[in-house]
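My questions will all concern the structure given below.
Chain lettering (A, B and C) follows the sequence in which the chains are written, and residue indices restart at 1 in each chain.
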Amino acid sequence: MKKLMAFVLMFVLIFSVVGCRNNDAQTTTTPAENTESTSGDNAVFPLTVTDSSGRTVTFEKMPEKLVSAVPSNTEIIYALGKGNQLVGVSVYCNYPEEALSVNKIGDYNGPNLELIIDSKPDVFFAAWLSEEVLAQLEGAGIPVMLINPTNLEETYQSIQDIGDIIGSSKEAEELIGSMRGKQENIMQITKGYQAKTVFYEIWHDPLMTVGPGSFINELITMSNGINIAQDAESAYPEYSLELLISKNPQVYMTSDDGFKTPEDIFGRAGYENIEAIRNGQVFMLHPDITSRPGPRIIDGLEMIAKAIHPEAFEGK
Amino acid sequence: MRNKKTIIALSFISMLGFAVINLSIGAVKVDFMDIIRIIMERLGAIPFQNDISQSTKYIILDVRLPRIIASYFVGGTLAISGVAYQGLLKNPMADPYILGISSGAAFGATISIVFFGGIKILGIASINLTAFIGAVLVVFIVYNIAKIGNDVPITTLLLSGIAMSQFLAALMAVMMLLFGESLHIIIHWTMGSLSGKGWDKVISLIPYSLAGLAVLLYLSRDMDLMLLGDENANNLGVNSERVKKTILFTTSIITGAAVAISGIIGFVGLIVPHAVRIFTGPRHKILLPVSFNAGGILLMFCDTLARSIITQEIPVGIVTAILGGPFFIFLLYKKKREVF
Amino acid sequence: MDKLIEVKDLSFKINDKNIVDNLSFTINKGEFISIIGPNGAGKTSLMRCLSNNLKFDGEVRLKGKSIKDYGMKEKARIIGVVPQEYSLPFNFKVHDIVKMGRNPYLKKNQSIDKADSNIIIKAMQQTNTYEYKDRFYNSLSGGEKQRVITARALTQEPEILYLDEFTSNLDIHNQLEIIELIYEMNRLKGITVLSIMHDLNMASRFSDRILLMIDGKMEIFDTPENVMKEEILSKAYKMEMIIRENKVLNCSEIVPLRVKNKEPRKNQRIHVVSGGGTGEYIIEKLYAMGYDLSCGILADGDSDLAICRSLDIDCVIESPFSDFTADTIRENETRIKEADIILMTDVPFGHNNLVNLKSIERINDKKIIILHGVNRDHVRGEADRIIAEMKKKDNVFEAMNLGELFKCF
């Protein structure tokens, strides 16, 4: 048990540092379907929004000071042009570069209550909070939005929600439109090719991959790839080497997290039996881009699609 | 005798001093005089201070203060539970979690995280409730497994506690694998944290904590005698089976209450009793109150570090282990002859 | 006499096996009682029943009231238990340990007062523990710890002390010291003592009565003289032993011999000429080797006779301080004739027993072994002359020491 805990702890810490790779995909609740959709003009205040955990939050007037505890939300706010209103971000918010100079208020796992309250935000964007912290923030009169999309569609929705709240409904709509366009284009150009089997390595010891319910699984499917672990029990299951070899994926992807090099992967015992390894189809992807449910997720989709079907993008 | 009272008084005065110092430390810098003014204002001693912002007042009175008090009572409760378990089991290795309370609480919390989400039952967050129920239930089960007739031999008690812990830990691991999306919430909980503990949590813990201390103090001489062994204690007029039951019941309730609120904070319940014993000797009448205080102060101190050392919150269990471990090793090295 | 403890039909079972089997007896006020018996006889279980620490059948009445009806503290004010010394998980000071003996007299939150303190100090003085009252209990030697535990029991001001093999870990000095202390308490303060003893000689020496247990049953409960009997104890402990009078201490004393069964009979008979204790060791050893023995002539009261009697060896006896009569001499010569080997110890010869030497002087057809001796002639050289003559013969062998002697067998 201790070993497991140690591993899990390490897993979480490393991933936090590397860049909130999968935290945004983890949630205990289903996303709200009934977020007020506003189109065209900016939303009218007072505005009531339902967040990912099902809470309804009412904004009397347009928030001016913003705090974000999640890198993806920070990226969305910048993409919508309101980055200058951020008065606090998490220590992992590293994109765009301007975010690095904003005051830090902790991370998604340990937000610093005092710093958040002290920065007197008009809205606080987070992915998950313990009940105690949530209660205290509400007690301090700070509106809290828990935004925790688990797939691309929800990501669009969360961009729209944030846009509505911060008075950038229109920009949000444009952003979503451009993202949808890119998404459809990628799906379109990869569709014509023979689907390839894909393995995505999250961690090497023990070997862990992405299963159904994970972002990357969705991106692989959209790229006309077949995630060999798509029938797994959970979003981030452990995977046996035996199964990996027997499923024999054509493409091997992993995060460029600094813990391994392609040489390491090529050199692993038993891997010489895998088609992807024999053909040199190993891709190291930037984890921030492939897994943050923000504007750059489409770039992540493109990276994955190019890895699976490079021929589809030739000359483009 | 005067010596004993002096030690207790000293430890309480230093606790108050620590509390005030800790109140002035935090991620947000608040002037010491402002803190005094905020408190005086709340107490009604001085009129409304409009040069101090509302959010600063909130930070001091509703974030920092309840958290400091919560850390004191959680630390104190864990420390006296440790004292009680070490005495009861006649085992210096014992801590409040040795009979599986931590696994029970963690399992209860996991169930709540995975299945109940943010549901509240009678105004209490389900995670606190199931953790408490898990903790108490596990001790109850362990006790009944270990029971032979009317006797509860220490060895079987320890063994069934360990077996139960391992079993629940395994179940928890399975749930963590199956419900991976809740993984970081479960881990966050098991690492123990006092982040965001407000007045409601403080108020729900204090009665348990103080009642537990009172019960244990009432039994303090019986606990001394029980260190001689059950039968020797019987021969000196102690109904050791009854005392054992009372202590088990009391400590499991108060530990459960503390763990339900703070998650699993290690080390306090193990090292504080030993460290205090070096200064007070093993007699429970003085060991218990001083340990309560020392445990409270230690956790208060560690939690202050946890919330202020870097912008990020550090799980306080990590701080207690990092600070407590070397400190205890130092004490052990210096004073082992007098304790063991 | 006042009855302090009355036991009636007391049984204690574990898995239907009777550990204590239907005991009934009475202990009077002021008595010093020892419980003896082999390991596993149920002594400790009996004692734990008598302090109501085990669930037993039958009845134990303490001062006329069933012990089961006593409250814990009430009982602890009458019975003080001194267990074998032990270590503690945490380090109490000696004073703290002794102070615990006052617990039966204190309410839960009551502290000790002046009177209690005096009792504690007195108990420590009596047990010679006062001088190290501020030392840590765990740092004491076994003897010191035992005294502290004894002091704690005295602090209970009990009417009866239970002692469970309380001397087992102590050297003889500490053993005796602590038993003398208990004995003093018994004789001077009238504290009744019930003590499990492994050392039978200590039990015999200090007890008023001894309770012998075998297999959970009470074999005998009587005065030391009546219990310290070879036929009783050798059955209890399944061994050979000699019981003799310890004249210094005026009590019966046990000399344990062996547990190992003696070797099978060799169908050879040895006649031993000994006397004055010169034969004790040799006779016992030859007996153990499986030889048939005869011995003679010994004067009644000779120390060699005690061992012959306890081993049931055929002896020709003459009353002391008188010349050996013709009848006994003839009887002895018959034994010599029946023997295959004759052995003569380094016994000194005087006028009375010179006849023993003369009886073997002319034996030529049997092996004769003579143990070398010095200053054995008290008849002006006659014995030395006879022995010197004998040694010239082929059938006579002189052993210079016991080692050589036993090589002949």
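In the analysis below, contacts are C-beta pairs under 8 Å (C-beta built on N, C-alpha and C of every residue); 3 or more make two chains touch, one makes a residue touch a chain.
Because the structure is predicted, anything quoted here is derived from the model rather than measured.
Separation of subunit A from subunit C in touch steps, taking the shortest path, is 2. Nearest to the global CA centroid, when each chain is reduced to the mean of its CA atoms, is chain B. Among the pairs A-B and B-C, the greater number of C-beta contacts is found at A-B. Mean C-alpha position of subunit A lies 87 Å from that of subunit C.
Centre-to-centre separation between subunit A and subunit B, using Cα means, comes to 37 Å. As a whole-number value, the distance joining the C-alpha centres of subunit B and subunit C reads 57 Å. Residues of subunit C in contact with at least two other chains: none. By the touch criterion stated above, subunit A contacts subunit B in their complex at residues 1, 4-5, 8-9, 12, 23, 25-29, 53, 91, 104-107, 109-115, 117-118, 120, 128, 130-136, 139-140, 213, 233-238. Looking at the complex, you find that subunit B touches subunit C at residues 1, 86-87, 90-92, 149, 218-219, 221-222, 224-225, 227-229, 231-232, 234-239, 277, 281-283, 338-340. Residue ranges of subunit B in contact with subunit A, taken from their complex: 26-28, 53, 55-56, 58-59, 62-64, 113-114, 117-118, 125, 127, 166, 169-170, 172-173, 176-185, 187-191, 193, 195-198, 200-201, 307, 311-315. Partner subunit B is touched in their complex by these residues of subunit C: 48, 51, 53, 55, 72-73, 75-77, 79-81, 83, 86, 88-93, 96, 100-101, 103-104, 106, 108-109, 111, 136, 138, 152, 156.
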